[in-house]
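Take a look at the following structure, please.
We just call them A, B, C and D in the order they show up, numbering each chain from 1.
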Amino acid sequence: MKRIYVKEEWCLGCHLCEYNCAFANSGMTDMVKALRGKEIYPRIQVETDENGVTYAVSCRHCTDPICVKSCIAGALSKKDGVIEIDHSKCVGCLTCVLVCPYGAVVEDGTGVAQKCELCMTNSHGTPQCVKGCPNGAIVFEERGEAE
Amino acid sequence: MNFYPEFEVVRNDSRCIRCRVCERQCANEVHWFDADGKVMLSDESKCVNCQRCVTLCPTRALKIVKSDCRLRENANYSDQTIKEIYRQAETGGVLLSSMGNPNPLPVYWDKILINASQVTNPPIDPLREPMETRVFLGKKPDHITRNPDGSLDTTLSPQLSLSMPVMFSAMSYGSISYNAHASLARAATELGICYNTGEGGLHEDFYKYGKNTIVQVASGRFGVHKDYLEAGAAIEIKMGQGAKPGIGGHLPGTKAVGDVAKTRMIPEGSDAISPAPHHDIYSIEDLRQLVYSLKEATEYRLPVIVKVAAVHNIAAIASGIARSGADIIAIDGFRGGTGAAPTRIRDNVGIPIELALAAVDQRLRDEGIRNNVSIICGGSVRSAADVVKAIALGADACYIATAACLAMGCHLCRSCHTGKCNWGIATQRPDLVKRLNPDIGSQRLVNLMTAWRHEIKELMGGMGINSIESLRGNRLMLRGVGLTEKELQILGISHAGE
Amino acid sequence: MSPLEGQVRIPSGCAVSAMISKDGRRMNGESIIESMIPMHDRSNGLGGGFAAYGIYPEYRDFYALHIFFNNRACQSECMTLLKEYFEIVQDEHIKVRKMPQITDEPIIRRVFVSPMQSVLRHLQIDDKELVVRIVNRINSQLDGSYVFSCGKNMGAFKAVGFPEDVGRYYRLEEYDAYCWTAHGRYPTNTPGWWGGAHPFCMLDYSIVHNGEISSYDANRRFIEMYGYKCTLQTDTEVITYIADYLLRRQGLNLEEMAAVIAAPFWSTIEGESEEKKKKLTYLRTVFPSLLVTGPFSIILGFEGGLMALNDRLKLRSMVVGEQDDMVYIASEEAAIRVMAPDIKHIWAPAGGEPVIVKVKEGAF
Amino acid sequence: MKHYVIIGNGVAAAGCIEGIRSVDAESAVTVISAENHPVYCRPLISCYLEKKTDLERMHYRSESFYTDNNVKVLYGRSAAKIDAAAKTVTLDNGETIAYDAVCNASGSSPFVPPMAGLDTVEKKFSFMTIDDTLALEQAITPESRVLIIGAGLIGLKCAEGLHDRVGSITVCDLAPRVLSSILDDTCAAMMQNHLEKNGISFILGTSAKEFQGGHAVMQNGAEVDFDVLVLAVGVRANTQLVKAAGGEVNRGIVVNDKCQTSLKDIYAAGDCTEYHDISSDMNKVMALMPNAYMQGRTAGVNMAGGDTVFNNAIPMNSIGFFGFHCHTAGSQPEGCTMYEEADENHIKRLFVKDDRLTGFMLLGHMHRTGIYTALIRNQTPLSSVDFARLQIEPQLAAMGSDFRNKVLKGVV
């Protein structure tokens, strides 16, 4: 399946992906209206390593997702390879945050969990972090599945 | 003396979401975030109007505008002139500039119009019919020869085969970044054209693109060695450059870092100064010796290009080069770009490429030696239409560099000499170099050339021409507008309506 | 006043026709004249002409110059020049038939000449080159004199008018030729100058052509490097010079010439055998400026044969018919059916594919 | 064609069904469900009271879960006996079911210590099941005074759930702090403080001595009047069936990392089991829902002929009250060192021993804590990562470029 991968050699650390993510999942049509004057809670996080190398981390859509197994509300599931949260079922226990080994499930600012769903569940249908990355550092493509 | 900044950063605070992308992306440190007031602030005096922040601002909250703070109006002493005097009075130094001459001198391309077929012969639809753009650059024999069995002897002196008559002009590794070179090399390879190393040597990673590489030998001889010469598809001797005819080059030590220094074969951090003349070429006969020593060194496998700036006596110079053994002449007009040049030279020396090209082509024909050499035309070829006009005036191919830089992201802020190119092109700062992803850069170059090729085909088809060779020197396809008799005569074209 | 022919480039549409006997049988001009009648509408009365091969067997060793003179003074000026370089073997009027359709006729002379050996030795050139040079000089420098035919044992006949009238005017039924070509012209404007009619000739090469080539100036500026002067600014003229340059001066054969002026597309060349690919690539690489683009159908006549060729996209009509020893070529099939009413084998050659017809060796 | 029997219908059972079906799509599966509900999210019963969810949304799996997986569910039935030799399960109605493999996923039961006068209390409830919850809901009014015995996870979640629906809540516990099984004194104090700010009263370090109707007297003499009593002292693993069948039982049913009991073809999973905690290297009853699922799934795969292990279990809890969260995992073994960061709204305590992160307690700020959890679970040598950076913030950046390239450039 197509997943998001990062090419850290091209990541500029501009953090646009975080803003594009926050906007894409805001449900709004205007970025200013969606984000101005607000703290953002993106589902993708730009990290910086000790050498100043930056890269964005988002859900890996693991082949054996511990978050799905751990969800106490049955709100997380894998559909066609995409791990999704059923927000109507999520009660905000944050167990998924506690178990995700990559720190890719995060709290959304209102107390419940959120994670990258490859923009399949919002109005975009294609990952906006990838689309908006000015330097091709985030790609959405097919790579070899793990054994 | 302090001036009011040349540009103003206009931030629409009602649109700003404080994402701080502008701050992170400005190598000139124009923007910063004030945590106390939770606002973005800017120091406009540092702004070079490269538009990086404008381009990346996700909410279009930014624009850079020309400051309207002006000195008292004076048609003779313009603001620019006065400020340059101030600056020189302060520093005692030569003014430096980058990219091509920005002054409002005539652009002849824009005064030449292209023909199209109507009624008496048909235009050709490039979507339905083959439309050929392949060219071979190099010496053509005066006479064919036959083998003893009567068949044609098909051996030829070395030719540079191009899928379309446009190449990426010389820009050295050092003046531009590794990623810019990678983009050019990869695009040239994919397109079946050539890029040019400039006088910076060839990074070892790029030897694999050799078939699409022109290696340059310039007055500093930086990076020149046997493997380098043999690596390319052609060798270019750079005698001059349109942006700065009559002077050499200067790569500041700050740019001669790491692989740049290694590739140039100079100590790291040392200034790379190319002398004004080649110190082994003080006349045309010396050039002939260099041409042939390079041919000897590469066993006559590669065509040799001699690149000269378009200067007053260009026709005679070209005639001399055509008789020097060179296979190809590259003429670089006065609008050609550069990574750094003294402002006075860039803006005042040399002549327009259109006139130079026309004069050279006609002179070589008059002397019956046009077949001895191919002609490459460079120095501000901006579009497919310019290419078509250049070919019709007599060029075999064009060099583009500024347009290539634009394709890679350059916004023509003309600040290359500062080494802080925010677009990752004219810089060696690793964090900035990184901004040009060659996957994207090469693709954009390929896109640009593909688009131009389509346009060239459309224009050719309109003229009823289905192969580029029938366009070459076909000046009947051109007409001038608003040109004097003299200009028309030099261009060898009629006025529109004639 | 309208510009003279040569002072302006005149696009034109046309009709062409040709017939040749591979056995070298000589036929009078009746049939070729008739062939132009069904193609009447392809001309507009502003030019017609013919070329005939094998018409002067008794003078076969001499160059037959057909010359228009505006007046006696021009004629005498020209003859003086000719006498400097040639022995004048015969100098005569070309017999014509007065008719109302043909007017404003100039003085029309036929002069058989033989180059002076002393001159050739002095200039270190061969006789053909001398003829070319002197003809070029007359045509470009002597106002009012125009040599419109200068080959051996052949001649062109042309005038302002419809081709069938021009044929009658020149009494072509009285000439016997193994090969005839004909041309009717539809220029979009013309000063009505006789020299501007076609065929266009250079030595024994004659060209009739229908089309308007888009490569004209590229071809012209190239060929003019080699001593040719394109004084008429017509396609036919430049194509004739190209043919002369490639065939006579470069020594290409007809197929090779066709591969230069109507070069196969690179995509076609890619698919050829290695040997052919090499050859075709070589020819395109060496003579790129002689590629002729835009529409044309030409018939190149020469001593002992002819070649018909369409542009590589076949933007102009041209059909070929064959019957016994005869080959017919015309813009339209109707013209061929006039010349050979019972003909069975008629086809349209592909663009860029030369049709070469040669008369049996010794039969001309 | 085999027959797999699952005793119990909780999350471990659901995991077991999915485990079986990942290997064997054909064989018969029978689930013995004492509760009359399809598998639901047991911890959400407090959310139900809180009206953050409803019975419909509390289903752990979709409506068609059992039919999709071709599972027969015997609702309202419980297992009375397992005959390991005969490979049969006898139901409470005497019916006998033969199995090829059985999984005991029978969970745990509330444990109520003997307390004098408990039978005088009219409205008293456990807080384990939907039925408990619905009964409790029936009993309360907006004016109810609720006494909850037990300040553990269940008791406090119950308190949170009832908070907006009753007049007052008092929680008492023998332990001197709240959440005594997962928090230390400092952390518990911060949590208690937060709960008290939200109106919950505590009586800690003592237990109820005696009940007299709606009046409770504590060991320390304190007295509480209440209308509704919730008993949330603790739970006990349901080990009886396996014990009776001759299986090894300790505080829970002893299982290995394949979730096998000591008896052939008898597996156990979930809250009824005792298994290995790698963070402390001890066997424990860790009644945790994520672990229950993973055990169930492991049991299922192995029952159906697959081969898998669940060998990195650790205790871990994500729990929050009134918007204030707490993440804990692992353990604090003897001799461990602690990295601490704290302010008035958050605490971070990381426990390190022998170059390993063994446990943590985080209160207030829960960003990317799974990275810590993974360090414990994977027993990552801290010398191989930049622990100084990790202490400040969980981040892949501190895990080395090889690790992050594996994670971010490939499929994991």
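Criterion: a residue touches a chain if its C-beta (ideal position, glycine included) is under 8 Å from a C-beta of that chain, and two chains touch if they have at least 3 such contacts.
Everything quoted here is computed from the prediction, not taken from an experiment.
Computed from the mean C-alpha positions, the centre of subunit B lies at a distance of 70 Å from the centre of subunit D. Separating the centre of subunit A from that of subunit D, both taken as means of CA atoms, is a distance of 28 Å.
The centroid of the Cα atoms in subunit A and the matching centroid in subunit C are 78 Å apart.
Taking each chain's centre as the average of its CA atoms, subunit A and subunit B sit 43 Å apart. Residue positions of subunit B touching 2 or more other chains: none.
Along subunit C, no residue makes contact with two or more other chains. Residue positions of subunit A with contacts to 2 or more other chains are 7. Taken as a contact graph, the chains are arranged in an open line, each linked only to its neighbours along the path.
Looking at which chains touch one another, you get A-B, A-D, B-C. Touching subunit B in their complex are the following residues of subunit C: 9, 11-13, 188, 211-219, 221-222, 224-226, 250-252, 256, 263, 265-267, 278-279, 281-289, 291-295, 312-313, 315.
Contact residues of subunit D toward subunit A in the complex are 11, 15, 41, 43-44, 47, 52-53, 57-61, 289-290, 293-294, 297, 316-320, 323, 325, 327, 329, 366-371, 373-374, 377-378, 386, 389, 394-398, 401, 404-405, 407-412. Subunit B meets subunit A in the complex at residues 14-21, 24-25, 55-56, 58-59, 61, 431, 434-437, 439-440. For subunit B in complex with subunit C, the touching residues are 117, 120-122, 124, 129-130, 132, 134-136, 140-141, 143-144, 146, 151-152, 154, 156, 159, 365, 368, 370-371, 394, 463-467, 469-477. Interface residues of subunit A, counted against subunit B in their complex, comprise 7, 9-10, 12-16, 18-20, 23, 31-32, 35-37, 52, 132, 134-137.
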